[in-house]
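Look for chain A in each of the two complexes below; its partner is chain B in the first and chain C in the second.
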Partner chain A sequence: MELTTNIPNLEGMSECSIKPYDGIYLGMPYCWEYEGNFVSNLHDLEAGIEILRSLKKKTYVTTFAVPRNKDLEKIYRLVETVSDLCDAIEASNLGIIRYLTKEYPDVKVHAGGLTNIYTVSTAELLYSIGVSRIVPAYELSIEDIEKMKDVGVEIEVVVHGKIPVGIGHECFLKRFSKIVGRDCPKICREEMYFKSEDLVLKPFGHATLSGKDICMYEHIDKLEFADAFRIEAVTERIGYRERVGSIYRRLIDDGFSRSDFESLKALSENGIANGYYFNKAGQIYVSR
Partner chain B sequence: MVELLAPGGSVEMVEAVFRAGADSVYSGVKGWSRRSKKYEMGDEELKKAVNIAHDYGGYLRAAVNAMPKAGEERMFVERLDFLYSIGIDAIILNDIGLMRITEERYPDLKIVASIGASILNKEEALLYKESGADMFVADCKMSIEEMMEIKAYTGMGVEVLIHANTDFTYLGRCWMSSYKALRYEDLDGKAYYIGSPNRGGVCFRPCLFDWRLSGEEIYASHFQLPNDMFLLLDEIPEMIRRGVDCLKIQGREYSISLIHDLVGVYRRFIDEFAERGEVDVEAYRGELRELAEKRDAERLKRTLELMKVARGKANEI
Partner chain C sequence: MRFVGLKGYSRYSDKKAYTLDEINRMEEVTVVLNRVRESEDLERMCKALKHEHVVLNEIASIARISREKKVTASVGLNPLNNHDLEFYEELGAYAVVLPPELNEEVESFEKKDVKIEVFRKAFVEMFYKGKCFLSSYLSGKSVKRDGECRMECGKKWEVFYNQKRVGSVTFKPKLIEYDVGGDLLKYEIRQIKGMGVIEHGTDNKHPKP
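== the complex of A and B ==
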């Protein structure tokens, strides 16, 4: 089982926080303007790849998730820069996936969770054009995801962290810059949430994330058919990535620990949820 | 000439929109489209709707644009065979895998990539084209330049929503509703997710809740996340001149009289432009404003109903 996470920029690359993981996705897919974002700073990206190589980690590069026509050339330049340097490129846009599989047939392509892969037939289509790994749509239940395993494509699932519950054409948070007293990109460094009734959401770049941390620690055995477990930590602090990664590494190697589970709950400032894995609303948590 | 496409939330609405001058209509297949099953059609209703459309010399597009549950492909093929047998003129799909199945089985059936596919760029559109799509519905935030660039690059037809709503997320890329609440039902063997716009059609519209922005302090309160209705008018002449192929009015869940009147206004607007090469936009603005007020009242009522269901205070959707 491969344990993966994501890191947005060079600042987030401490050796301790990388250590528990087998593979790292470099780059923040939700916003071009995020401070130091690897997807916008190709020199930093090359340096990041070198660090991962020296630590003998699998090195993946992610791309901006919702590109319009004007964004394509910028992504093509990134691909050209890293195609020989990394183990795979992740894309969540079918246009980028098409481009990668046509123009770089030797590069491994991972389809990210925002690709909207809901059906076995879409998993088959992507596998047939050369995609080697998919993150099925976040909204799918375990039984739905398991059916895709028969296609032959590798399956990666989020086991912990905040998942996107929406993505759009702008950063809505920027509209509050004046009130908060921070401009872009500083405003993203603040811990801020949209709250209404029992709902808590985290605005971040073009994306809106679940306020709760998706946590499958107690239920990890139900996802054992997957090829990789992802800790979503691209918007989190270094310490979070390190601690959550260490806990899941111990879970994979040594099994369940009540105290580790309690630590995970303590790290989640808005509580934990199972996402959609059990055919329930994303913010609900079902105990084992 | 540009096609005027209207909603068909019931057989009566199908009849009304053609009477008002629509060129074509779209109707949802029960359990399979991006709307509540209340505004979708069963087999007999669909047959009637196709007959009405053809009697008027028009077309019917069947909306099968909710994402099915993984493994429901066989059930989809059964639905597809039925729809083809009753003579639908096009199918609206969201899932690219289902498009490829449709293209292989019925290569002569026109496929429209739904707004839910949220096609954002020309390269993405090309993959949909290669998988069978003939036309795409442009995202509401897309400029006419972007649409035309995609059309030139792919040869696909372009459909634009002229009455719809625009959210702060891309349609098809929002899961806030099902994050808040979700009910799972079995609809004649088909999985049906109430609360998921992508999977069952019903959105609880949490963006219209009363929100606050909290951090170290409460920075803002009593605001809604963007979700704005629009009725295009000024933009339509340029869209027609530039080569937009289809203008779509959304609204299967509105009253038949409102949709009838909306179609009528747009029919006259398009015909005047076609005849004179220009149009007196101001003459239509007042009429549209009145219809928008009626629309807003109906929408508010529906939003409140949906929010009650989301909060567990009502079941009926």
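== the complex of A and C ==
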């Protein structure tokens, strides 16, 4: 089982935070302007890839999740820079996915969670055009995801962290720049939350994320059919990636630990949920 | 052009959609099957429709059904750039619906065989159409799979920054009219009228619905 996570910039690349993982996605897919974002700073990206290579980690590069025509040149430059250096490129836009499989047939392409892969037939089509790995749509249950396994494409699932509940054309944080006295890109240095009664959302760049951390620690055996487990940590504070990764590494290697589970819950400032894996509202947590 | 939703297959609730029999008694409508379902299911249903033009939201079904019918790739697929258009053209789509947020940059799209359909009137929402999972996250109803939206975006949200309350915000969809050109024009009226026709459209030679 491959354990993966995502790191947005060089600042997040401490050796400790990388150690528990087998593969790392470099880059912040929700915003070009994020400080030091690998996808906008290609020298940093090359340095990041070199660090991962020296640590013998699988190196994946992500791309901006919702690219318009004005973004294409930046994506071409990114892909040209890393196509010979990384183990795969992740995209969540179907046009970019097709561009990559056509123009770079030797590069492995991963379709990210915002690609909207809801059906076996979509998974089959993507596999047939050269996609090697998919993250199925976040809204799917375990049973629906498992059906895709027969297609032959590798399956990666999020086992922990905040997942997107939507993505659009606007960064909602910027609406509050004047009020909080911080402009882009400094504004996302501190965390913003939207709250309505007991509901919590975390806006971040063009995406809005679940306020709760998706946590499948107790149910990891139900996802064993997958090829990779992902810890979503691209918007998290320093230390989160290392601590959560270490806990899941111990889970994979040594099995369940009550104290580790309690630590995960303590790390989740708004609580935990199972996402959509059990055919319930994404914010509900079902205990084992 | 009139767009009608098929019960069980259209995204904006079954209350506003028609049965297969009702649709097959209509003349000259485009049938919207924009819930995401397996392509075999969509293909079976499209075969049962007498109409030649359908709107689909699942890529494998576009590839299959476009061999026999005129297929419009739904805005729910979130086409954003020239490569998206190339991909839907490769799949055999007749037209691609662009999100209304892109109306100011329609000119940046390269001319291709696949037609560009744009919204002249649309509800602009919290997220791109087709990229919102808020309803299923909060209440378990998926727009894409169940065709039901709980409009959670319309709540009043308190905004906290660095753990301090700094204001409130709501994301109620806003109906916006645009002066925009495309090969095909669309007028979204689904949330104004509780009736079966969910959208009107026309070609750009007759810009009034």
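Here, the second predicted complex is superposed on the first by the 288 of 288 C-alpha atoms of A that agree within 3 Å, B and C clash if a C-alpha of one lies under 4 Å from a C-alpha of the other, contacts with A are read in each partner's own complex, and residues count from 1 in each chain.
We adopt the following convention: a residue touches a chain if its C-beta (ideal position, glycine included) is under 8 Å from a C-beta of that chain, and two chains touch if they have at least 3 such contacts.
These figures come from a predicted structure and were not determined experimentally.
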{"item": "Chain A as common anchor, with chain B and chain C clashing or fitting", "value": "clash"}
{"item": "First (chain B), second (chain C), both or neither touched by A:148", "value": "first"}
{"item": "Which of chain B and chain C A:190 touches, first, second, both or neither", "value": "both"}
{"item": "Chain B versus chain C as contact partner of A:288, first or second or both or neither", "value": "neither"}
{"item": "Touching partner for A:43 - first (chain B), second (chain C), both, neither", "value": "neither"}
{"item": "Partner chain(s) touched by A:122 [first = chain B, second = chain C, both, neither]", "value": "both"}
{"item": "Chain B and chain C footprints on chain A, overlapping residues", "value": "66-69, 71-72, 93-99, 114, 116, 118-122, 124-125, 137-139, 164-169, 172, 176, 179-180, 190-196, 199, 201, 208, 210, 276, 280-283"}
{"item": "Touch list for chain C against partner chain A, complex", "value": "36-40, 58-61, 63, 77-87, 90, 99, 101-102, 105, 108-109, 125-128, 130-134, 136-140, 142, 144-145, 152, 155-163, 166-167, 169"}
{"item": "Footprint of chain C on chain A - complex, ascending", "value": "66-72, 93-99, 114, 116, 118-122, 124-126, 137-139, 164-169, 172, 175-176, 179-180, 190-196, 199, 201, 208, 210, 276, 280-284"}
{"item": "In the complex with chain A, residue positions of chain B that touch it", "value": "67-73, 95-98, 100-101, 118, 120-128, 130-131, 139, 141-142, 146, 149-150, 167-170, 172-176, 178-182, 184, 195-196, 198-199, 206, 209-216, 219-220, 225-226, 311"}
{"item": "In the complex, chain A residues that touch chain B", "value": "66-69, 71-72, 93-99, 114, 116, 118-125, 136-140, 143-145, 147-148, 164-170, 172, 176, 179-180, 190-199, 201, 208, 210, 276, 279-283"}
